[in-house]
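Which chain is which? They are A, B, C and D, in the order written, and residues in each are numbered from 1.
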Amino acid sequence: MKRSQLFSRTILAVLLCLVMCMPAIAAEKPIKLGFVYIMSGPFSTYGQFAKQGAQLAIDEINASGGILGRKVEGYFEDSTGKPDVAARALKKLVYQVGVDCLIGLDSSGVAKTVVPLIPQMKTPLIITHAATPDVTGNICNDYVFRISLNLAQNVKAAAKVASESKANLWTTIGPDYAFGHQSWEYFQKYLKELKPGVKFMPKDKVAFSPIKTTDFSSYITKIMQSKPEGVFISLWGGNLIDFVRQADQMGFFKGDFDVLMSLGAATEVLYALKDKMPVGIWVGTRYWFLSNNSPVNVKFRTAYHKRFGQYPSYNAHGAYGAVYTYKAAVEKAKSVDKKAVIKALEGLSIELPVGKITIRAVDHQAVTDACWGKTAADPAYPIRILKPMRIFPGKEITRPVEQTGCKRK
Amino acid sequence: MATRNILIVENLHHQFGKFKVLSGISLEVPEGRLTALIGPNGAGKTTFYNVISGKYVPTGGKVIFDGIDITGMPAYKIAPLGLMRSFQITNIFLKLSVLENVLVPLALHYGKTFSCLTSLGKEKSLAEKAMVILDQVGLKDRAFRPAFELPYGDKRLVEIAIALARRPKLVLLDEPTAGMNPEETERMILLIRNLSRESGTTFFLTEHDMKVVFSVAQYIFVLHQGELLAEGKPSEIRENKAVKEAYLGGALDA
Amino acid sequence: MGRNTSVKSQFISGVSIFGILALCPIFFPIYWTMILTEILIMGLFAMSFNLLFGYSGLLSFGQAGFFGLGAYATTISILHGVKSIWLAMLIGMAASAIGATLIGFLCVRRDEIFFAMLTLGFGMMIYTVAHNWRELTGGSDGLSLFMVPPIHFFGLEVSLEPPRAMYYFSLIIVAAAVYILWRVIRSPFGLMLMASRENKDRLYFVGANVKNIRLFAFVIAGVMAGLSGALFSLFNHMAAPSFVHWSFSARPVLMTILGGSEIFFGPACGAAIFFVLEQLVTSITENWMIVLGAILIPVVIFTPKGILGTVVSWFTDNKA
Amino acid sequence: MESFVVNLLNGLSWGMLLFLISVGLTTVFGVLGVLNFAHGSLFMLGAYLSMWVMHLVPSFWAGLVLGPVLVAVIGMVIEVFFLRPVYDRDVSYQLLLTFAILLVLDDAVRLIWGPGYHVVEAPQILAGVFPLFNHSYPVYRLFLVCIGPVIGGGLWFFFKFTRWGKLIRAAAMDREMAEGIGIRVPLLFTAVFGLGTWLAALGGALAAPHQSIGPSMGERVIIESFIVVVIGGLGSFPGAFIGAIVLGFLEAFGTVFAGRIQMALPYILLAVVLLIRPRGLFGEK
């Protein structure tokens, strides 16, 4: 008796599942977008911001009639910041969910290892955060695009700021992995071009801290003792927060030397530090919510602030912008066919909150503006803002295609 | 006919830090003679065994086994020469079957330690040899049971079977009847006597239970506070005054 | 429970599992075929770990070191022009074998938690090398394989790029490796391992050089981990430092205890449970860590023999 | 010279924080025989809960006192419900169980406080700097350098002279004997786990003004405190102290000399110590 009951219930459950798995047979199928970000663990802040940004864009688009009249659905997968898990997540989205476009990737290492897998999946991927120059450089391919600022662009802007300062002897502190080392290499290269007389600290005087570092005091000591005139900092996230607080206590920001932080204007850092972020320091970011007052940007930051209670971070902007970029490409191609969308993405120009971006046809890197500024207090905002602010036009900071190493075409 | 000495111990010393446990012990064990080492608690019997079987490196003196100087040799090198030992506390491979317990030393003996792709099940000759040994100690019918399921007395028998498996020339038995009930003790005495007579192995045992010693041993050494107090046939030891004093009179009458 | 019957039943179950696995891709969607490939590879990894843990009583917390050596050596040799997959995988296994011999020589002298911490330490040293030797290993970014060379046999060229081809390739390799492990466990050497787990001191006194026995097991386990690493790098087209990190070493531990360390297929079963669970949980919630933890706690407390181990002992207990 | 003194202080202050975390871990291991993987998460919980109290009351000192106590209560609950069933199991099961607890705690924290970073301020009295050569050195770090020996000394006094301390040491040496002389061992175990948790949480509360609070805090310290405990000798009190200081120095001075292998320094230290002294520096044979 009981057994048969169990049996029938199981069948019922299976049927229910089947029904739920076949959504809306009658209606036109929605467009599926797959997002892969770090959703869990230490760096899940980034995934959460991205998810909020993406959700906001999707809701806005659906409220105004969707893309080509079709609704948009977002599917979010967790990369956990590990390349094999990210690869699995991408496969799931492509083969299981059947998404029309992939969006995401936070970690450069993950991006670098999974990008070569994308052509197999025959699905476009729009990178919104990972900054390694290589994915639109020597490992570029037909399917991978990036709408966010890459490391080379951001550092080029940093070099421009640095070239205007009086400092002639530069050093760095950065995370001890590819991002930190590459940032320093590009910084030296670009600054040397702009200001040939400039000098850099030798290898044993610069500081690279492992990502798990929480106590930066000995690195701070090392840098201060080497008596530089300028310090370029590529730390980010929790590392940067720890560093800034400890460095501030040790007199790092007293003005003995100039300080540049390539990701110091990230909102998650500013929100954590609030008024503990020293003022008058040059900081950069991939997107700054006050960088312009275009209608698109005002709409984005107010809507985001209203819904999530914070001003949007660069990762929120990346996901938000990627959805709109995809929308623009589909509308340009008048189809969701993946090949057509890729064609449409190549050379696409679109107005995003960050400003107007253009995706280059060859290397698929977006030419987008970089924003730098000096930290300043403003009673209207709970966090430090940038004043004065410098916008570096995308054209000036994006290296020519020939220099990227991208061998498409 | 002068029998060969299978074990010669010369002026053996051992100490832990400043604490002297063995001070200058010399003795000889002739081949084939069932010899016993007795002494009150803390006399140094187990330490003596540990030194000979290679657990400790002695601080002085010499151990010669079967004509080879084994002083300070590690245990795993001594065993292949033909010197095996059993332990006072049951020390067997509990989760393995009784048969496997015996197969371990057998596989070692026949150089199969690192043969890793042949099936143990197909090593028929090993299994047969193991069954012979299990038969000798009377465990044949329990060969396939896991060792931890056996009653205490049987576990002690497994202990003996492991020691016998490599067909050693000399077996050191450390209190083989410790913790046994009278019936089990009786069985063990009988077993040791038979094995000593039939197997061609020399047995050298320590024992706490005087009854066992006097009913089994052909020759006895008495250890007291790390020194050899007396030696002789059981009857001689029984009469020895010094031994009686060492045991405070009590135990020997038992 | 006679060992012989359990051996026979293990063999039969092994063969039937292989049969079922060979049929799976026909019925499974492509994504699940890929998951299954991963389960196979991680299953082999977990079983290599269990040769040390379950059979020799050694808790290795650095098994990812050898997994990573296999993955890196395979990837690097393909990137440097090795055309044959077989040769590349052999190089991967050789690298793990050398690494395992050197590290094993130092580690097998210690027991229990000290062994675990030593292997953790050496594993993390390999991680540091992978993470920092940018010229060879690509540093923190790792290495990516743009193309896995096709395999050749009997003049036939088979590409491993299609997921189903990769699946069958992995299945055959893993089955061969598992068969070897099975032989090892049933051999006289396998008996030595179990004896060393049960009573190391006693084994010493019957004339076995326990260190050498352990070292040999350590090398076999290292090579098998290297093989699974090589497969994993081909499957994912990459080798990354995270493959070598201690948190990757924790995976086989988790899988083995989940499935059961006393059953031959326990670790592989644990791998399957782990992946399926992960797929289910992550599709429901982002907070999969809390759910996974909440599932693990009762499993550890109430099924000390692991899930497969508990199921098997239900059946055997009913018989008895 | 200048750099030497500053790095000495850097190493000492970090070492003292490590010591507080490790001494809890080692005490729990010494008495309960459990190597607690979730110890780092309890450290993190200490930081979060004291932050919560600090905002509620609002006083740094209230947070420093109450936060760890709250975490200790949570720790005791964990001990009673989850650890008790696994005391007689193999170390690996205990590791896995505590790992599962780690997963739950880490994610729970993320659910409650969000994935972002938080910052806690040091109280006015400790917030300043004092001149050291021609630089300034934060007072709070000096406070950390001093608080370590104070708590270490307190613990030493507790174990050496108080009844409870003696009971714990007796139970650590021989559980059965302790039961024999009438100690209620389960209660004692709960108390010891509470103590270990309290120490970890206190470490977290003290670390809060010094580093950012985030869900990754625990993961970052757990392996390091494992290393401290093992090189010092499992269950050894002075071992944890020396081990923590050695590791602190190694990491502080490592930035100067180690270059590329800097990341591996703790692991090299671990391997070298275990190969030379199998039971750690102060481990018993």
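In the analysis below, contacts are C-beta pairs under 8 Å (C-beta built on N, C-alpha and C of every residue); 3 or more make two chains touch, one makes a residue touch a chain.
These numbers were taken from a predicted model, which means no experiment stands behind them.
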**Request:** Figure out the least number of contact steps between chain B and chain D, where 1 means they touch directly.
**Result:** 2
**Request:** Determine the chain that sits nearest the middle of the structure, using the mean of its CA atoms as its centre.
**Result:** C
**Asked** Looking at C-alpha means, what's the farthest chain from chain D?
**Response** B
**Complete:** So, in whole Å, the Cα centroid of chain C is separated from that of chain D by 33
**Fill in**
Per the C-alpha centroid definition, the whole-Å distance linking chain A and chain D comes out as 35
**Request:** List the centre-to-centre spacing of chain A and chain B in whole Å, with centres computed as mean CA coordinates.
**Result:** 74
**Prompt:** Where does chain A touch two or more other chains at once, residue-wise?
**Reply:** 40-41, 44, 47, 176
**Set of chain D residues in contact with two or more other chains** = 106-107, 110, 263
**Fill in**
Shared-interface residues of chain C (touching two or more other chains) are 131-132, 287, 289
**Pairwise chain contacts under the document criterion** = A-C, A-D, B-C, C-D
**Asked** Which of the residues in chain D end up touching chain A in this complex?
**Response** 2-3, 6-7, 10-11, 13-14, 17, 106-107, 110, 114-119, 121, 129, 135-138, 140-141, 207, 210-212, 214-217, 219-221, 251-256, 259, 262-263
**Request:** Name, in rising order, each residue of chain D that touches chain C in their complex.
**Result:** 35, 82, 85-86, 89, 91-93, 95-97, 99-104, 106-108, 110-111, 223, 226-227, 230, 234, 260-261, 263-264, 267-268, 270-271, 274-275, 278-279
**Complete:** chain C residues touching chain B in their complex are 2-4, 7, 180, 183-184, 186-192, 194-195, 198-199, 201-210, 212-213, 216, 220
**Prompt:** Which of the residues in chain C end up touching chain A in this complex?
**Reply:** 29-32, 34-35, 38, 131-132, 134, 138-146, 161, 232, 236-238, 240-243, 282, 286-289
**Residue numbers on chain B that touch chain C, as the complex places them** = 53-55, 74-80, 84-85, 87, 91-97, 100, 103-105, 107-109, 112-121, 123, 126, 144, 162-163, 165-166
